[in-house]
Amino acid sequence: MPPPAGGVARGSGRSFGLASRYPLVPITILMIVLVIPSFFADLIAPHDPYAASVPNRLEPPVFAGGTWEFPLGTDRLGRDILSRTIHGAKYALSISLVGIFLGTILGTAVGLAAGYFRGWTDRIVMRVVDVSFALPSILLALALAAAFGSSFEGVIFVVVFVLWSYFARQVRGEVLSLRERDFVARARVAGAGHGRIIFRHILPNVMNTVIVLATLQIGVVIILEASLSFLGIGIPRPTPAWGLLVADGRALVVSAWWVSLIPGLAILLTVLSVNLFGDWLRDRLDPKLRQR
Amino acid sequence: MSKFFLVRFSEAIVALWAITVIVFALTHLSGSPVDALLPDDATPEQAQMLIEEWGLDRPLLVQYFTFLGNVLQGDFGDSLKWRGQTAMGVVLDHLPATLQLGSFAVLIGVVVAVPLGVLAAARKNSAIDTSANVLALLGQSIPNFWLGIILVWLFGVTLGWLPTSGRGGFSHMILPAIAMSWFQIAALTRLTRSAMLDVLDAEYIKLARIKGLGERAVVWKHALRNAAIVPLTYFGVLAGSILTGSVVIETVFAWPGIGWLAIEAIRGRDYPVVQSVVVVFAVIYILANLLVDLLYAYVDPRIRR
Amino acid sequence: MSDSNRPVLEVENLHTVIATQRGTFDVVDQVSFRLEAGETLGIVGESGSGKSMTGLSLLGLVPKPAASVVGGRVLLDGEDLRSKSEAELRQVRGRKISMILQDPQTSLNPAFTIGNQLLEALQVHERDSRQSLRQRAIQALRQVRVAAPERRVHDYPHQMSGGMKQRVVGAIAISCAPRVIIADEPTTSLDVTIQAQYLKLLEDLQRETGLALIFITHDFGIVARICQHLLVMYAGRIVEAGPVREIFNRPSHPYTRALLASVPTVERKVDRLPSIEGQPPPLHDLPKGCRFAPRCGFAETRCHEAYPGHSAGRSGHPRHIVNCWRAEEI
Amino acid sequence: MAHHALNLSARLAGSTAIGVMALALLTAASDAAAVERVTIVMDPSAAQTNRAWATGGAFDLDAVYQRLIGNDPETGEYDSSGLAESWEANEDFTTWIFRLKPEAEWHNDWGPVTSADVAHSYEIQTGPDTLATGVASLRGGTAEIIDDHTISFHFDEPKMDFDFANAGRGSMYIYSKAQFDAEGVEGYDNEPAGTGHFRFVEREPGRVLLETVQDHWSGTTPDFNELELRFTLEPATKLAMLLSGEADISVIPRELLGDATGSGMEVVTSEQPSKQVVVMPDGLYMKEGDPAFNPGLPWTDVRIREAMNRALNRDEIVEALYDGEAEPLVRYGMHETHEGYVPELAERFEAEYGFDPERATQLLEEAGYPDAFEEPVIPIVSTVSPGSPEYPTMAELIQVYFDSVGFQTEIIEMDWASLGALGRGREAYVIHPVQNAPIRPSNVALTNTFLEEGSTYHGYEDDALTAIVEKMAATIDPKAREDLMREAFTYAFENYTDMPMVSLHHPVAVNPEAIVTWQYPGVTSNGLSHWHLIDTVE
């Protein structure tokens, strides 16, 4: 399981040139691979993603000797890989959105509190963050799966667990420096309450960082889901989640490579584009960069 | 200085304690070792005897304090799955394999990513920069188990250059270490590059050039020494991800380390071993981060006092 | 002025451009001047007028890959630096021509001791034993009046005050006894007393070594104090050039006059350039004619249509030159 | 400097390449000689220990230790290839006598095998901390040493399957008392001495190394010097090890056997079927007054159970899950080599269990679920059990069949242990696969499957069947037992107590350049045994 795009996002300051030059490319790929399939899977997919047909099992893709009936081949049970991959986009998107949303909210709230109030709040929060960093998330995931079975909610929980402490740490750092700035001091002198200072003056200033970081986590979450599926504790079958599809087809990597390759490519393209897009977004939103 | 370390140390102890509580609760929540270790056709009566023998019928709190008491005496209990060995003994048996693979992976990461990041920054928008960009993005876009399997097939079977799996000579380490460091290389390259870009704009870099220094000295001495602090911070994160990464990579490459052990232990509900793994891991994590703090002081003289 | 001597530095039609997403623009254009040994040339102008870029262009150190020097000649002791390779240029930098940067807080590398950084400057150019180079480094510190230089070499930059750091930067600049030093606003970030001390130091050094100094600043007080010649730059071009006294007495360009208007006596220190109505034109949108025309109170039609050529300054001094259509009228 | 760094990595790569080439040369050189070491790669056993009683049956040192009773390598029947040359029970099966082979001796000079060793082994294997399989069949006896090579066990009740507990599937491995007296149990942990054809050399994480005992007391000696067991979970990796020559024998899932043979490997299978697989409609605690009885379970209705069976296309299942390499299964626990075999059931199977989705839908309607099945949802467990990599796919396939006749289903992912916990808590209200591995004697299978005190993975209990099976267990007369078994199997068949799937041989893939053949009957829990019969290329 990869760590959150740790320093990747933070500090990585300037992105590679590719994204800033062609922001439309990643957006287009994301639309094609992730967004459109998520919303219109039923319209686009040629087959029911759950419909098995044993006589048609392990048909190769059309470019490797297969037929147009199953353009990207079939899996062990004769299910259409193209359709399953298209439907898989829904799960990639929903896990990412829900998991990142919750993790971001939690982490940002905690980070805001720690950075703003400092003192004991900060000490305690940062120790909890330390504990959660030192606790191997994968073991946590295994234990949880053993206790409650694996489920969509379980995967979300692990995602949130991995992300919150990371966001808490980043946001706290930003807040620590923000609260020393003039406009915060002015607000305080003007008699603004804590709530007002936090939400009116500090939060808007960390939002850009949070949005950029959150975008860059989409790739992390998709890869995390794949790792959990590899360990058999991801989204339960027969849901065609990408990670599960890749994990499930991995033993067939020689004879029926398409079973894992196609969903693997979907992951690759999505994560690649998300990162490019995130880079572009950072160039746009990071005030430090705007000066240049 | 000593006060600083005293505070750090006591905080680490508290963190470790909190971790034992969480892990204890989680492992016990996850089910009984009896179910995992007994054969399928074992009778309920046989299970009951074991439960009593292992004291699993006592209240959880009692079990926890017994465990804590033993731990304070350095005793993590006997393994339930590797019978005949202490839990900590099992973990320490497997630890060298993970440390070896993990440090080699970190080494590969540093040896590849830092120069790549430096070159990419030094020749911004050049071919090297673009390749580093592509490599970095690819590294973050492939699930590592899948990459591992593909490496096994390509280099182990099709080309036959390297052993497919298992622990043995140096050659056995190459594929798993690459698979393990792949993601890290990506992250580290990006980090190094951006840190270098920040530093290369600094006035002292201009001054170094004004002095008539060659680009090599400017980039690799003056810039890198100052940019190094950012990848160094990442080293702490890296240490944390070794165990996480090793769980998957060690399974694919049949590398008998603690990642593999952790899975086996948690599947076998071997509580003492799970607890030992987590404690050892937390200690490694804490030590690694302490080491990062020390390295900071070395890299940045401003922190030294 | 000793016209019989060949100038140390002679710059002809220096032309530097910068490439951006909107296109390629001139940042330094048609800049020519000459400098003789022991002489001090001031360059003044607002931020973005190209004065710093001119300094960097001389050294061939414009920020790459965006900027590049595309034309002109830079003759240092008769050798054209523009025709030299990067490797040859490195031989010249630091040894024959050096530079002092604006901010002492950031011009020294925080990761190395100052002794190390001084020594490095020497090692690049001098083949001598480490021991004797060390002595020369200490000597350079002594020259810039750093007390107890033997001990100070072991200090890191963060252990020194701002003024002290700027002295160290100066020591690095003079360590190889260059012919020319470009000082880019070296005193801006120092407080007033330290500033005076530093200027005195530069003057002393110049007297001791006979080096030529290019002093980039926006402070006419400093110009009046240490410079013999002056270039006034606006939007990448020289608008007026000549001996300091002549320009101060008879400023011929409206821009120079506006600058000087807020400096009633040469004795008064001014931190910032006096405000002039309007903003300098952005690089991507330079006026077709005189670049100052949009802000100029004297501008007439021709000013907006074509760039004025050289004409003699009002002082009548042979080296006093001004680029203004109406120089003689106003 | 930049170039320097690149050079460094280039040099690193270079030296690695040289190392690899040297390694290849070395292996090539050793290939010329006869096979020195046989390497087998398989799944890690559930418990990695030298103590057989701490394992559920898949014991890493099966090649080192022996049991009292052996199995014929071809038929799997009990024979005298173990440590006992003969054994017998009295008429009411309360006393068993074993006569040991006088020539049998321990590795590492721990002397000859004696009755004291057997008595000692019985004691440690039946202790309270034993995880051993079928320990209920062992417990309750007192050992009496008659002489050095004769020992008897006395029981209060008839112990009809004591021979089973002492043969291939049992875990009554014989340990040395002399070693125990000298070194304690730590001796077993550090330097275990057995009596088999292979001597323990070392155990490392992920690997066990054994060496051949030259001039073994049995008179036969394998034709290779070392046996290495490597433990790997990932199927693709196990196949890769075989194809790259790192392993000579690989225990891989059936779906990869084709990849192996396609690359020049060969497949060796057990002589006999080694397991039966069924899908169990669990949680049927239907005995009168059982508090765990859940009337809300749809499959308490026999029509629903028949509908489930009718929904399955077994030909497709064999094709999709077993690459066509499986025999149909008629009745779980019943096998023609064991007692109580009812041949007619095979003839009735097609008519009563055959694939008939229409009949299934109709049965659903009759059972009160017309127009498909809204509530409740039927939970199908997808699980990973060692040696059964097909279970998750099976769950998906069953779901497809069930859905197509009108059941409402969901797949629940659960690890094997959690499923066991459900059974132990008597709340296994789920559908899940389970296997009978190896195929046990009918009486063991029946008591295990249908009695409340049987295995936690089975959950069909009703008064009528319980009565038959309990009566059978208490009956000594062979004819009467036979009849009761037949009655039990027929009753179970007619009541659709489960969904029979397949009967399987145990295949391994071997490298023909190293291995000629390997004869093993498939009578142990992981299917492998008779390691000394691995025949290598000369």
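Going in written order, the chains are labelled A, B, C and D, and every chain counts its residues from 1.
Assume a residue touches a chain if its C-beta (ideal position, glycine included) is under 8 Å from a C-beta of that chain, and two chains touch if they have at least 3 such contacts.
Remember, predicted model here, so these are calculated numbers, not experimental data.
Taking the mean of C-alpha positions as each chain's centre, the chain lying farthest from the centre of chain D is C. Between A-D and B-D, more contacting C-beta pairs join the chains of B-D. Innermost chain of the displayed assembly, by C-alpha centre distance to the whole-protein C-alpha centre, is B. We define each chain's centre as the mean of its Cα atoms; on that basis chain A and chain D are separated by 42 Å. Per-chain Cα centroids separate chain B from chain D by 36 Å. With centres taken as mean Cα positions, chain D sits 87 Å from chain C. Chain B has its Cα centroid 21 Å from the Cα centroid of chain A. Multi-chain contact residues of chain B (touching two or more other chains): 31, 124-125, 149, 153, 217, 251, 267, 269. In chain D, the positions touching at least two other chains are 234, 236, 415, 417-418.
Residues of chain C found to touch two or more other chains are absent. Chain pairs that touch one another: A-B, A-D, B-C, B-D.
Across the interface of their complex, chain D is touched by residues 50-52, 54-55, 57, 76-78, 145-146, 149-151, 232-233, 236-238, 248, 250-255 of chain A. Contact residues of chain B toward chain D in the complex are 31-32, 34-47, 49-50, 52-54, 81-85, 93-94, 97, 111-112, 115, 118-119, 122, 149, 152-153, 156-157, 160-167, 169-171, 174, 216-217, 219-220, 251-257, 260-261, 264, 267-269.
Those residues of chain C that touch chain B in the shared complex are 59, 61, 65, 90-95, 98-99, 101-103, 106-112, 120-121, 124-125, 156, 158, 169, 172-173. Residues 1-3, 5-8, 11-18, 127, 130-131, 133-140, 142-144, 146-147, 219-220, 223, 226-227, 230-231, 243, 246-247, 250, 253-254, 260, 264, 267-272, 275-276 of chain A are the ones that touch chain B when the two sit in their complex. Only residues 1-2, 5-6, 8-9, 12, 16-17, 19-20, 23-24, 41, 44, 46-51, 54, 56-57, 128-136, 185-186, 188-189, 204-207, 230-234, 236-237, 240-241, 243-244, 246, 415-418, 420-421, 424, 434-435, 440, 448, 453-457, 525 of chain D touch chain B when the two sit together in their complex.
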